[in-house]
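Have a look at the structure below before the remarks.
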Amino acid sequence: MRIFAPRLTAYAHCDLPCGVYDPAQARIEAESVKAIQEKYQGNEDPTFRTRAVQIKEQRAELVKHHLEVLWADYFKAAHFEKYPQLHGLFNDAVKAAGASGAKGSNDPATGQRLLDLIAEIDKIFWETKQAA
Amino acid sequence: MRIFAPRLTAYAHCDLPCGVYDPAQARIEAESVKAIQEKYQGNEDPTFRTRAVQIKEQRAELVKHHLEVLWADYFKAAHFEKYPQLHGLFNDAVKAAGASGAKGSNDPATGQRLLDLIAEIDKIFWETKQAA
Amino acid sequence: MRIFAPRLTAYAHCDLPCGVYDPAQARIEAESVKAIQEKYQGNEDPTFRTRAVQIKEQRAELVKHHLEVLWADYFKAAHFEKYPQLHGLFNDAVKAAGASGAKGSNDPATGQRLLDLIAEIDKIFWETKQAA
Amino acid sequence: MRIFAPRLTAYAHCDLPCGVYDPAQARIEAESVKAIQEKYQGNEDPTFRTRAVQIKEQRAELVKHHLEVLWADYFKAAHFEKYPQLHGLFNDAVKAAGASGAKGSNDPATGQRLLDLIAEIDKIFWETKQAA
Amino acid sequence: MRIFAPRLTAYAHCDLPCGVYDPAQARIEAESVKAIQEKYQGNEDPTFRTRAVQIKEQRAELVKHHLEVLWADYFKAAHFEKYPQLHGLFNDAVKAAGASGAKGSNDPATGQRLLDLIAEIDKIFWETKQAA
Amino acid sequence: MRIFAPRLTAYAHCDLPCGVYDPAQARIEAESVKAIQEKYQGNEDPTFRTRAVQIKEQRAELVKHHLEVLWADYFKAAHFEKYPQLHGLFNDAVKAAGASGAKGSNDPATGQRLLDLIAEIDKIFWETKQAA
């Protein structure tokens, strides 16, 4: 349960571009990935588990998509110069969402690692917004 | 520019269900809808305008989807009893995102009306979360 | 086997709007949901069952989509006034198509319950068309 | 307005296969295609026209999809032997839905031609169902 | 491992039409189908197998889509006259990609049969390009 | 017209992973992007132009997707070390496919620049395959 709802406007993406972006989109789907992994661990019904694997696949795909939007569309050459680790951080994050990470595993630790990497990206994102 | 980044975990959906929901997903796409309407008004290039109309169509469709997830999956009979206006509020909101609202128009006032309705839903959503 | 093919024009939707709607679209997908549940019960091959669960997920999602189109785009405020049960009926139907209904279960009874709710919506739909 | 609602169960498809098919799915989307063409002719607003072209594109794509499901999944070698014109009829129909037909044109005559071809397929479809 | 990378421009499709087509798109997805079948046979982990079945479903669907584009959009009446087996060849190929073929089975032999049929189509395709 | 059809097996992707990748998938869609731009320049019919802009949007999105699969799934840390320009090259390429490149423009020069960047990626890809 969350006591205080966010009062700030959240931002997102498209490829017009509309100019609004927010790592929350990737983080929300990654929360879902981890929650599905936890539910998978607590339920041995085969239909439930098949559904869990399959729905997690979609949420993880969305995480990858939202991360790739930030990496491709929001961040510019000047950002990558200022944050030389940024390319590698994004590549680690999409791999953590993919077959070698949370897509390929039902261990919630892989979902948490994905969330941690998104949090690092989120931190840099908001630094660049403040600097703008 | 936003001075303070959100520090709270945002929640979302799937149909497992994973148990996490957040009206932010609808609001983020609606922000995009309104931003696209504003950019449309400020740019007379025909290719830009065709792209704007078409991308807005997709973002508005996503708004509808995210709202329908909340209405169908998160809110239960007890909620609809406690908030008798809730069905109508959601129906107004999806119509405000549709052909008679922001999908059918490039007037940013339609995007703003959509955002206002989502804010009303968001308020009720967080009341129910606190009551849970 | 069906002896007499329908001779009447069927109607559907989009969000232009084109002005044509038909509950048959939801019902057709719901028939598929129930048929898949029956086939699942009669076949223990694990690959077949995985495919059945996954394909049923998609058909059930389409049922939800087609229902939400009717609820959001076809029915207007005057309809909801005349049929005060209509909001609740749609909400029950999308829940019957979702995780707590036919999506989450391979019991054909859940598919049948979904079909029954769609038949109730269909009845009201055609009453409103005759009244128009 | 339609006086009598259909009382017959409609059938559809998936690729499990669930075993239910119905040309109504293609016809419903084709009705939408033609209705959009008619609305396009009657409305010179550029936003409306852009939306019409774009939404018609999607409905025409769905027509092609539903036709290809029938051609690939429902009809078997014995059908194609009995109806030697069937391959060509389907090929004409998907072309009538494509760039050289209703997709590429806003003339309702192209939508009508598509509907006529679907009606021919529908006739053969129900003959084969009765013969089964 | 492939020693020599292709130096030739590959062609593809859309429904504008852009005028570029290439059976390589279907073949690439079919290669993936067969590779997934082989990996399925070599890995008994239930999560891996569920993912394999589900991802193969999507790749097989893409094979069907790419084949149907060639059959519907690239090949014209004159081609079907010159190659009377072409309709049947395409119908066999989409069936080999569907529930009665590689979609419904994890036997790599079904993937190989699909690849063989695509190779026959590919051969005719390039003959028609040379003749153009 | 292409005189010699490719005789080499092409490779592609999924996120199982199946282990097969090929930059041809991105290149094929980029060829389509450029061809659409050229057709746009040669046809002033407004329906054609709306369709061209909208279909190019989808093909460009597919280019981005195929490139991001290679960057996220095929290339590993060791590759990025050996080719320090590789992250930037991919980022340039997805930007060349996006709003600031071929998506946002109907100038075939933007499509050609996208093709040139994909050719650079293709060259590195096959070097790493030969080294494997």
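Order of writing sets the labels: A, B, C, D, E and F. Residues in every chain begin at 1.
Just so it is clear, a contact is a pair of C-beta atoms (placed from the backbone, for glycine too) under 8 Å apart; a residue touches a chain by one contact, two chains touch by 3 or more.
In UniProt terms the chains read A, B, C, D, E, F = Superoxide dismutase, Ni.
Just so you know, these numbers come straight off a predicted model, no measurement behind them.
Engineer: Measuring centre to centre with CA averages, how many angstrom lie between chain E and chain F?
Structural biologist: Computed from C-alpha means, the inter-chain centre distance equals 20 Å.
Engineer: Quick one: chain A and chain E, Cα centre-to-centre, how many Å?
Structural biologist: 33
Engineer: Would you please write down the residue numbers of chain F that are in contact with two or more other chains?
Structural biologist: 15-16, 50-51, 54-55, 57, 103
Engineer: Line, ring, star, complete or other: which describes how these chains touch one another?
Structural biologist: If you draw each chain as a dot and join those that touch, the picture is no line, ring, star or complete graph.
Engineer: What are all the touching pairs of chains?
Structural biologist: A-B, A-C, A-E, A-F, B-C, B-D, B-F, C-D, C-E, D-E, D-F, E-F
Engineer: In their complex, what parts of chain A are in touch with chain B?
Structural biologist: Against chain B, the touching part of chain A is residues 1-6, 8-16, 18-20, 22, 24-25, 27-29, 31-32, 35-36, 39, 51-52, 55, 58-59, 122, 125-126, 129-130, 132.
Engineer: Okay, in this complex, where on chain E does chain A touch?
Structural biologist: Touch residues, chain E against chain A: 46-48, 50-51, 54-55.
Engineer: Quick check on the complex: what are the chain D residues that touch chain F?
Structural biologist: It comes out as residues 49-50, 53-54, 57, 103-106.
Engineer: Can you check the complex and tell me which residues of chain A touch chain F?
Structural biologist: That would be residues 15-17, 61, 64, 68, 71-73, 80, 87-88, 91, 94-95, 98-99, 103 of chain A.
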